[in-house]
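Both complexes below contain subunit A, partnered by subunit B and then by subunit C.
So, the complex of A and B:
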């Protein structure tokens, strides 16, 4: 139990530290990849907490998602390499308030509700994957399918809004 | 104990693969060639580009090697001879290989050179072209085995290998694997013809040695994955299980390395168009067909 706690704290610390690095660096690519390693550390925390499927999924998904984000940051920002010492922070007062309120809300969510008794045994990894599959194809199927469709619609709509029509199309 | 055996076999396999690659590319067989080449690389000056992103430049090749080693960890060479038999092995293999992309972006961005950078981002641009064709065939393989564990996947092929059960998935997986290991004719991230070496262009000396070693490990991992998912893993008559694994993995790797000699390099736009339009449709059809077979005639 103690070893587990030490690893959990280590990866938690790593996730926080990389989260800080996101805003401390001047380079867009470093910022995006710092966010990736922050998320990877959270995936490692899942693994430490014996949620194998969720951990591996988190580690896999974030690698590709954050890389895609990196290329968009490079494409749209004026100083992607950070050679002009661009500051990653802006609207500091608003950000501080938003961050503070977010932290408070998260802590209240952790402390206030009654989470019930702590589970003493964790189902095996095989069983977890099977249970997750049943959940996704049963009770939660409608939620996940509608979320997927919404995201797809949003992606298509965002792409359409982003494309600037050329002179011929404007006629 | 398994870790030591697997790592030693991996080192030996990487060396044999280097010999085969030399043979396939240069046309003559030299058993000591790769050793001399490695010594020469280690002795050479390791240049650092001006205004490079030092952290990424150094970490790129190392992350590539780590990704390859992680992928190898879930490939079974014989019953019991596997570093870790995860319940989510097939998914874990995918997760490890996703970091090949991250490593190439780092290695491309790091040296502050145009060719390398274009090559790194190009690999990201190809992402759907290889990653989807790795994930979707694996889904069909896991459907038949009713498990993500690589050991169970091999065991599920006792009656009939997956290469015969789902040949379309096999073809898609091998092509995608060659794209992921950037092997000719899909070697677009180091495209010798147009990008003068691409991600490898700015690496010299010991850093290049690590990059090349990492690539050998990734080729072996992908050959191992092909054998595990489609060619029955360690299964086979007469020989001991590890013998079958070794023969099959080296044969698949040698075949992957040799294809480039007989095919022209594919254009990037064509590779992307084929993968998006044809590859993904075929992969979805493969999942459907395998699902129907699994329900109607379970073998």
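So, the complex of A and C:
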């Protein structure tokens, strides 16, 4: 058992545990924080897998994203603290079955195939970043630019949808 | 090393199952978005594991991760735009009360 394996299992277990907590707590703020911890644990997994740039990016991006989510939760919920213990679920049995079958199918796909030889070493962090930069501004330039344009379109669309006046304001 | 790959992929499978349960079972729009975020996080874990253990010399694997992160940001921006619009009109983001959206 290697050190990498121990850390991967630890952070993977933490990501899964906090992922489950997201849907088990009655408090919306706790849900957002649990998702933040889950995504941070995933970022730590990236660091363990020696993807330094992606790990740091994941932790920074998700910290911001989940903080925004927590603010939205407080804005939209009548009971963001979950003091009333309101049940906010429906079709629970169907969802459990779908989640369980999805999990089993994914596990089968993971454990059954032969993945072939596994790489023992990875390029250093500096080399990885340089290679990724060359990839983004070379072969994958079109895809990268499309992603940027998509984000810009989504920002404008989301703002337009959010500020559209309702029927009373139009009068 | 193959065991590390299996652990990472199994975590991805677990996150996918939990996210699918969440996206289907929750009635609040923001909670549904959280379920979708977990499903996309599962994809991220798998992509990084494939890059690290199968093709570490191929930077396209890391590029794919960046694209999925962009998809996560876009999905959240659009979902919150819809949530704000819905909240202004109906005062709630409960999807049980949005049956008129059903096609």
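In this section, the second predicted complex is superposed on the first by the 142 of 171 C-alpha atoms of A that agree within 3 Å, B and C clash if a C-alpha of one lies under 4 Å from a C-alpha of the other, contacts with A are read in each partner's own complex, and residues count from 1 in each chain.
The rule is short, and it goes like this: a residue touches a chain if its C-beta (ideal position, glycine included) is under 8 Å from a C-beta of that chain, and two chains touch if they have at least 3 such contacts.
Just so it is clear, the structure is predicted and the values come from calculations on it, not from any experiment.
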item: Subunit A as common anchor, with subunit B and subunit C clashing or fitting; value: fit
item: Of subunit B and subunit C, the chain that contacts the larger number of subunit A residues; value: C
item: Subunit B versus subunit C as contact partner of A:111, first or second or both or neither; value: second
item: Subunit B versus subunit C as contact partner of A:63, first or second or both or neither; value: first
item: Which of subunit B and subunit C A:96 touches, first, second, both or neither; value: second
item: Which superposed partner A:142 touches (first subunit B, second subunit C, both, neither); value: neither
item: Subunit B versus subunit C as contact partner of A:15, first or second or both or neither; value: second
item: Subunit B versus subunit C as contact partner of A:53, first or second or both or neither; value: both
item: First (subunit B), second (subunit C), both or neither touched by A:154; value: second
item: Shortest CA-CA distance in Å separating subunit B from subunit C in the superposed model; value: 15
item: Subunit A residues contacted in one complex by subunit B, in the other by subunit C; value: 53, 57, 68, 128
item: Touching residues on subunit A, where the partner in the complex is subunit B; value: 27, 29-30, 33, 36, 52-53, 56-57, 59-60, 63-64, 67-68, 70-71, 74, 81, 83, 124-126, 128-129
item: Residues of subunit A touching subunit C in the complex; value: 2, 4-5, 8-9, 12-13, 15-16, 19-20, 22-23, 28, 31-32, 35, 38-39, 42, 45-46, 49-51, 53-54, 57-58, 61, 65, 68-69, 72-73, 75-77, 88-92, 94-96, 98-100, 102-104, 106-107, 109-111, 115-116, 118-123, 128, 131-132, 134-136, 139-140, 143-144, 147-148, 150-151, 154-155, 157-162, 164, 166
item: Interface residues, subunit C side, partner subunit A - complex; value: 1-22, 24-28, 30-31, 33-35, 37-38, 41-42, 44-45, 48-49, 51-57, 59-60, 62-63, 65-67, 69-70, 72-74, 76-78, 80-85, 87-89, 92-94, 96
item: Partner subunit A, residues of subunit B touching it in the complex; value: 51, 53, 55-56, 86-88, 91-92, 94-95, 98-99, 101-102, 105-106, 109, 112, 121, 124-125, 127, 131, 147-149
